[in-house]
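Next come two complexes built around chain A: one with chain B, the other with chain C.
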Partner chain A sequence: MIRKIISGNEAVATAVKLARVGLTGIYPITPQTSIIEKLAEMKAQGEIQTEIVRVESEHSAMAATYGAALAGIRAFTATASQGLLYMHEMVWWVAGSRVPVVMVVGTRAVGAPWNIWNEHTDFTSERDSGWIMAFASNPQEALDLTIQAFRISEDERVFLPVMVGMDGFILSHTKTNVLIPDQEQIDDYLPPRRQPYVIDPEDPVEIGNMFPPEGYMKLRESIHLALKNSEDIIRQHGREYNKKVSPMIDYSTLNSSYRLEDADYAVVLMGAWAGDAMEAIDVLREKGIKIGMLRVRYLRPWSEKEIKENLEGKKGVLVVDRSTSFGRGGPLYIEVKSTIQDTEVKDIVTGLGGVTVGKNDMIYLFSKFVEGIKEDVTWYYPKEVGKLDIRTPRDIE
Partner chain B sequence: MTLGLREILNKHNSLISGTAACPGCPENMAMRMLGMGLGKDTVVVVVAGCSSIIQGNAPYNSFNLPVVNIAFAAGSAAASGLARAYKQKGKDVNVVVWAGDGGTADIGFASLSGAAERNEDIIYVCVDNEAYMNSGGQRSGSTPLGAITSTTPEGKKENKKNLPFLMVSHNAPYVATASVGYPHDYIQKLKRAKEIDGFRYIHVLTPDPYGWLFDPSRTAEIAKLAVQTCYWPLFEYYNGKITVSQECLHCLDKRTRRPIKDFLSVQGRFKRVKEEDITKLEKYIDDMWEKIKELM
Partner chain C sequence: MMSLLLDYQYFPITKPGKGAGGKTGSWRVIKPVIDLSKCIGCKACFMFCPESTIVPKGGKVTVDYEYCKGCGVCSNVCPVKAISMVSET
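For the complex of A and B:
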């Protein structure tokens, strides 16, 4: 194991190398691009054997990855934003086929208007597609979760594709210390590829052909059950990762908590700004406010058990969303609210399209929440952004 | 190279009984011949279209080959992934994309063009029935001028997109046209394609009785008429040159061509075709043969 200062994107490329991926479908889209550039560079220098298909669209990137996975080799792709939306059709196709595939999403706002900066809407908009969805909060987790994703995806009790989200620019381009496992450690952790069926003339099977309604619905249920049951399997592979690869980050749970046990109030969020939230919590704790955080690491499967155990009985829960379900609130909020009944849950949508929300904003938001401002959906703008005035179609009316 | 019927029948049977095809289905014919041409070590990527249905309901399948069914625009890319994976595993497999004209000329064109440009080691077979027949016969980019479809009830105003020439422009190592009316010619082209490395494109005319409005017993006859009237050329392009099949050598000279009216008059879809449209179609045919001659 060596320590290196690398970006989130380099961490992912390293994970792909360590996982001995057979084929990567690549198409450039910001902020994911440096993952595929790094892979192409590694390939050019003979560091990896991975086949690289430089396709003409994200739709084809997912299709090529799917094709290789069907033929029986480990396959990977990465995308973001418009690219993820463009491959949306194939994202569903892969899950419906129950083929192990791993994808990394460098999260980013979705147009119009154009915005290349970070938010989680591209990622959360795929939550009904049948993929297992993990979300990293630092480059180390991006590496670890990507490697674990192959293990989980290829587990015979799962056989579902896995996507790993990572905040665009905030993680993808920021360099930090990352512990890079040795190849032997990963070889020990990640066995050779397994999958439910291989498309090969030696044993002709068909995939994806017309299913009668009852059969189709049964298959849908099988995806639902596999996803639900993957919860324990993810914990199991997390524990194994801690044992065989690195004990640094605890992967024995689907979600990660901070100073939550004795807390009266809880904050729920996902991704890189968990770091700011932790600092804010420390400040508030010093003032005597008992507050803690639950960081969602797996959006799918959604661990009702962990959410309930951690949040039920608190005086209040504040969910901070970096994405929206327009007209309804934040997706994380909707999930949390539907999971816990006896606790007050409040939602804040903020940080969209790269709006910076830092430690001081968190302190402000959390203390307001503890003071007890009751509104179901709040769009929070940091001070300088709040002053901005733009014309929207509503003004024209 | 010539093939006797006996030799063909000994080949792999890629179509078994119980297909869900309509009577007189030309795609069924083309699929049977695919196995005769390519043999057993073949994987077919079927793009959304009639062929997604012809296989029959899962878990049964009348295509006696491994089949990957896939969304409309994804065929060429998925085949690229499959072909490269087989290469990595050291397996010699013919990876075939099987797509209709809608999946080829329209929605799938970007991935087709990408795979051709990358010279992926796949065989792309376009089964062209000149409209979106699976959804009830709507116009595609491959529908000929003057043809009535459910979205061009007045007759299509534009000429057919010429896909084989587009593939020649992509520097594909092998491009061929075929018709289900001439099985030997088509099978020979499949066999030739099998021997060549890189991207291979075969465009097969598959006249559809229900969309073209002729009696289902006449599929093969109409497929022949298209060739005899020089509407549908039979050629092969490789090593930078076009070779015309003997079935349409007469088309090289305008004076020996059979009138296009003989082809149009037997189909309901051209029943409202105007004289001026026939002139335009004739010009389309003239231009096409001029291009073919240039490349010979």
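For the complex of A and C:
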């Protein structure tokens, strides 16, 4: 293993290389572009054998990846924001076909209006598609989770695609120290690809053609059960990763906690700003406030067991969402609230469209929460928002 | 294909075969009729039929009327005009 200072995107490209991916369907979209640029560079230098297929849209990027996966090739793609929305239809086809695929989403706000900065709404909006959904909180995790994603996706008890989210710019473009596993370690961890069926001219099959209602529903239930069952399988492959590759980050659980055990209050969030939250928690702890954090690493499967074990019995739980479900709370909040019904759960939606929420904001939010805020959903703006100078159409005479 | 022992795992694949979904029903108004004495067995109709309802058989072709939509493509491409479109009404 070697250490290198690389960005989240380079970490993902490295994971793709180590996983010996056979085909990558590519279409560039900020902030994911440098993943495929890095892969193209590796390809040009003969470091990888991966077939790189350049297509004309994200819909085609997923379609090409899907086609290769159906043919039995380990396949990968990456996207973000409008790109993910554009491939939405194909995202469902891949899950419905029960074919192993891995995708990385460099998360970003969704238009309108145009905004290229980070938030999680693109990612969370695929929640019901049948994909396993992991979310990294630093470039190291982006690398580790991407490699584990192939292992999980290709497990015969699962056979579902996996997407790994990573905060756009904050992780995708920020360089940190990343421990890069050796190829032998990954070869040991990640066996050759297995999948339920392949397209084969000698033994033709029809994929995803018309199914009558009961058959269709049975297939849906099968996805549901495979997703639920993947919970233990993710832990199992996580432990194996810790043993065979690196013990640095504990992957034996679906979620990660910080100073939670003896905490009276808990905050729940997902992604890169967990680092700011941890620093804020340290500050509050020094002031005598017993607060801890649960970081959601897997949005799907949603581990009710872990959420209950970690959060039930707390005096209060604050969910900080970087994502929206308009007219309701944040998506994480809805999940948490429906899991722990007897505990008080509050929600803050913030950090949308690249709004910076740092350690001091977290300190402010957490202390306010401990003091007791009344509203269920609060939209938090770290800075004052000036009067929005947005034009309204003039009257037509 | 690997054998899967897990009882909850189902996959949306089927073996190719006639399905109930694409049957023509009662709405077709003209149908292709092949004059086998003229047919030279070139299989152009088989290649062009958008419904795959031309069935090659013993060097010549027949039509699967259960699925034929009566579009007339076969009749148009036949180089020896062996297929005539006949009214069904």
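Throughout what follows, the second predicted complex is superposed on the first by the 383 of 397 C-alpha atoms of A that agree within 3 Å, B and C clash if a C-alpha of one lies under 4 Å from a C-alpha of the other, contacts with A are read in each partner's own complex, and residues count from 1 in each chain.
Here, a residue touches a chain if its C-beta (ideal position, glycine included) is under 8 Å from a C-beta of that chain, and two chains touch if they have at least 3 such contacts.
Remember, predicted model here, so these are calculated numbers, not experimental data.
With chain A as the common reference, chain B cannot sit beside chain C without a clash. In the superposed model, A:57 makes contact with chain B only, not with chain C. After overlaying the two complexes on the shared chain, residue contacts for A:71 are found with chain B alone; chain C is out of touch.
By the touch criterion defined above, A:159 reaches chain C but does not reach chain B. Of the two partner chains, both chain B and chain C are touched by A:208. Residue contacts after overlaying the shared chain place A:226 against chain C, while chain B stays out of touching range. In the superposition on chain A, the chain among chain B and chain C reaching more residues of chain A is B. Within the superposed three-chain model, A:334 lies out of touch with both chain B and chain C [touch as defined at top]. When the two structures are aligned on the shared chain, A:40 is found in touch with neither chain B nor chain C. Residue contacts after overlaying the shared chain place A:25 against chain B, while chain C stays out of touching range.
Comparing 99-107, 135-143, 153-161 or 207-215 from chain B against chain C in the aligned model shows that the clashing stretch is 207-215.
Chain A residues in contact with chain B (one complex) as well as with chain C (other complex) are 203-211. By the touch rule above, chain A contacts chain C in their complex via residues 96-98, 156-157, 159, 194-198, 203-211, 218-219, 221-222, 225-226, 229. Residues 1-2, 4, 6, 8-16, 19, 21 of chain C touch chain A in their complex.
Of all residues in chain B, those touching chain A in their complex are 40-43, 45-46, 52-53, 55-59, 61, 63-71, 73-89, 91, 93, 110-111, 113-114, 117-118.
If you check the complex, the residues on chain A that touch chain B are 22-23, 25, 51, 53-57, 59-73, 75, 89-90, 93, 199-201, 203-212, 215.
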